[in-house]
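Both complexes shown next keep chain A, but they swap its partner, so chain B is in the first and chain C is in the second.
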Partner chain A sequence: MTLKLFTLLLEAALSTLGISLVSIAIGFVIAMLLSAALLSGKSVYILPARLFISFFRGVPLLVQLLLIYTLLPVIGINVPGIVAAIIGLSLCTAAYQAENLRGGFASVPRGLIEAADVAGFTGAQTFARIRAPIAIRLTFPALVNEAIMILKSSSLVSVVGIIEITKMAQDLASSTYQPIPIFASAALIYFVINSAIALLGRYAERSLKGASA
Partner chain B sequence: MSVPAIAIRKLVKRFGETAVLQDIDLEIPEGKVSCLIGPSGSGKSTLLRCLAFLEEPTSGMITINGEALGFFEDPTGRRERLPANQIRAVRTKTGMVFQQFNLWPHMTALGNVSEALKLVRKVPKAEAEERAMAQLRKVGLENRAGHYPSQLSGGQQQRVAIARALALEPKIMLFDEPTSALDPELTGEVLNVMRDLASEGMTMVVVTHEIGFAASVGQQISFLDHGRLLFSGPPAEIFAKPRHARLEQFLDTYLDRGASMLA
Partner chain C sequence: MMFDPQVIIEKLPEIGSGLFVTLWLWIAGVLGGVVAGFVVATARRFGGKIVNAVLGTIVEMLRGTPFLIQIFLLYYGGPFVGLMLDPIPCGLIGLTVYSAAYYSEVFRAGYASVPVGHVEAAECLGMTRSQTISRIQIPEMALIVLPPSINLAIILLKESAVLSIITVPELTATVSAIGSQQYAFLEAIFILAIVYWVIVELTDRLGRMAENRLSRLRFSKA
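On to the complex of A and B.
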């Protein structure tokens, strides 16, 4: 195992990190929209949101990725693999994040919403300024957990032709016949990245606590 | 006579089959302190919540400064829900203070008081915070502006909640058992803020178990029992010679507990 091989793995890690972080962010925005839909009280919004969540939680991510990658060109949308990968991961994590947030939204005390109502907030203002910030604080550890899950699940995007850590490790292992040091290095890189996310999460959680507990 | 601050006409509120309020007729005059008293489950909090439109009346009509709240009902009983923006507009004439304070935990005291000014009234940040600070000063908490609710005592939280309601310059303040969640030692500081407010001529509707406060500050006392308004009048009339058997019985329980200054 040479430094050159390790550098190649690190380069692939950038693609893992980039795809994962972008997907988590897009997924969070979609999860917020799903939450708003679920809280709207209108079945035209609630039913599609529920369907979305059950579909993306109920179908393996690998199948979702393959489906998106093969389906898009058929309906006339030609996208590079990386876009298909980000779409797949985003939609999947959106469903899980929405489900995590649902518990948080349900735990926002009714009285805090009433206080916003009597102050003349619109429904959207109450969502943005009261319900969402409190729900995010309540579910923050679960959201960090989901970020780590997605970073690990991103190893699946190799099926749509993306070279990320796992795929690079497989290629290097088969061309150098040194599978053990290479896979061990890949594991180490995942471990370091996820520990960093967990640590950042812990830190953010504490500063959020300081502002609310 | 001028338009009453609040006029309640034939108000009925049912939760399913249960009638919580039955045919309430009440006028609350401007600039007066009106106290709603009665045993638990009498409907007094529900009545107040109807005035804030946190509960929607089943039938009947409420007007705030002559403007219909939530629904318009014509004399034939035909009822029409008013548009959301109009409901919000009428609602901004009232400010509400809750039993559980309901301060937003992720905002400082200053944030709680200035938020609606910025968001609803579109006041620029600096001016909103200046006005919020003035309200905090009024309730004696300007040195707690940067504190989060969790860092404040119950009495301080309730004073911030009062400042938050006052910041929107309401014509009428609604108080829902504002001291019931407080230790007896802390009720005084909240009642004092309310006394100051009353002396400034604020129209106030107060649901309270503090009979002493009702007797000394209240100018109109309404007694509810089992969803009905049994009596409404000036405190002297109610406390000095309660003629209604049920009211007498209710007040006796307070006198038993040593509130003898009322007698």
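On to the complex of A and C.
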């Protein structure tokens, strides 16, 4: 295990970070749409949202990635592998984030929603200005956990050929014939990134609490 | 394209054997993880500062790194330290160790949920530590640890699909191999997704039933 190999792993870590961050962000937007659908009170929106959440939480991410990777070209969408990987991760994390947010939305005090109603807010305004901000603040720790889960799960995109930490480690391990130091270094990099996310999350949580007080 | 699941359905016996491997690896991994996780949580609680710190670090390492990397380390790195494992035993060990780390955290929270007064009362009554654990702490934490345990079991079923990458002949490996042989990869993956989905939903339902029964049992006796 030389410094050069470790540098290669670190470079690949940037790819892991990029894929994960983009997927979490897109997943968050989709999760908000799903939450809005679940709260709409209309079964035309509720049922598809429920089905989506149930499916993406009920099927292994590896299978979802394989499915999206094979399905996209068949329905005429030809995108680079990395885009397919990000779509897969985003849809999966959207389902989990929506499920986390559900608990947050359920704990928004009824009185606040009624007050917004009385003050003449439309349903969309109440959602965007009252319900969503409170639900996000309440479920923030779960969001941090989800970010860590996605960072770990992003190792699976190596299977569809995307170069990130895991794929790089695999390639290096087979070309240098030193799997233990290389996979251990890859594990260490994941561990350091995850610890950093957890630490940042706790810090952000504290400042969020300060903001609401 | 034509969506023709027929070619896959003809291969039902093979799919069945893949499903069997997935199910037994999953159940063995979960049971092993529950037992080992409970031992780890108990050791961390009663074993003193050093044991707690060492086990805590190992648990954090296992929880902070991807399962796939752990499996690669065991499968490809094992032979370099004299640990030659076939895919199935390697997968079973990997899954058990991984789940033990997560279950130990579930039981840690379980121990923390038991009111200190109950434990002190047991001590005052002269119960030994093992009596306190088996008669006070385990029954009291059961209802608290059940929902996260079921969730975790579901997560582990899905993680077990990763074992296909080290050629364990489980469901994902079997079905995607059939898909490639039959030039029906999309159909195969689609069926695969449905099978997992059904097992997950069933497990979820069973878990909720168990929860209801357990809470009835608990409150009727109180």
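Everything below uses one rule, namely that the second predicted complex is superposed on the first by the 212 of 213 C-alpha atoms of A that agree within 3 Å, B and C clash if a C-alpha of one lies under 4 Å from a C-alpha of the other, contacts with A are read in each partner's own complex, and residues count from 1 in each chain.
Definition applied: a contact is a pair of C-beta atoms (placed from the backbone, for glycine too) under 8 Å apart; a residue touches a chain by one contact, two chains touch by 3 or more.
What you see is a predicted model, and the numbers here were worked out from it, not measured in a lab.
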item: Chain A as common anchor, with chain B and chain C clashing or fitting; value: fit
item: First, second, both or neither for A:Pro133, with chain B first and chain C second; value: first
item: First, second, both or neither for A:Arg202, with chain B first and chain C second; value: neither
item: Superposition-derived comparison: chain B or chain C, residues of chain A touched; value: C
item: Angle, in degrees and to the nearest 10, that opens at chain A between the C-alpha centres of chain B and chain C; value: 110
item: Touching partner for A:Gln125 - first (chain B), second (chain C), both, neither; value: first
item: Which superposed partner A:Gln170 touches (first chain B, second chain C, both, neither); value: second
item: Contacts of A:Ala115 with chain B and chain C, given as first, second, both or neither; value: first
item: Three-chain overlay, closest Cα atoms of chain B and chain C, distance in Å; value: 28
item: Complex contact set, residues of chain A against chain B; value: 109, 111-112, 114-122, 125, 129-130, 133-134, 137, 211-213
item: Chain A partner contacts - residues on chain C that touch it in the complex; value: 1, 60-61, 64-70, 72-73, 76-77, 80-81, 157-162, 164-165, 172, 176, 185-186, 189-190, 192-193, 196-197, 200-201
item: Complex contact set, residues of chain B against chain A; value: 52-54, 84, 88, 91-92, 94-96, 98, 100, 102-106, 115-116, 119-120, 148, 150, 161, 164-165, 168
item: Chain A - residues contacting chain C, complex; value: 54-55, 57-64, 66-67, 70-71, 74, 148, 152-156, 158-159, 166, 169-170, 173, 179-180, 183-184, 186-187, 190-191, 194-195
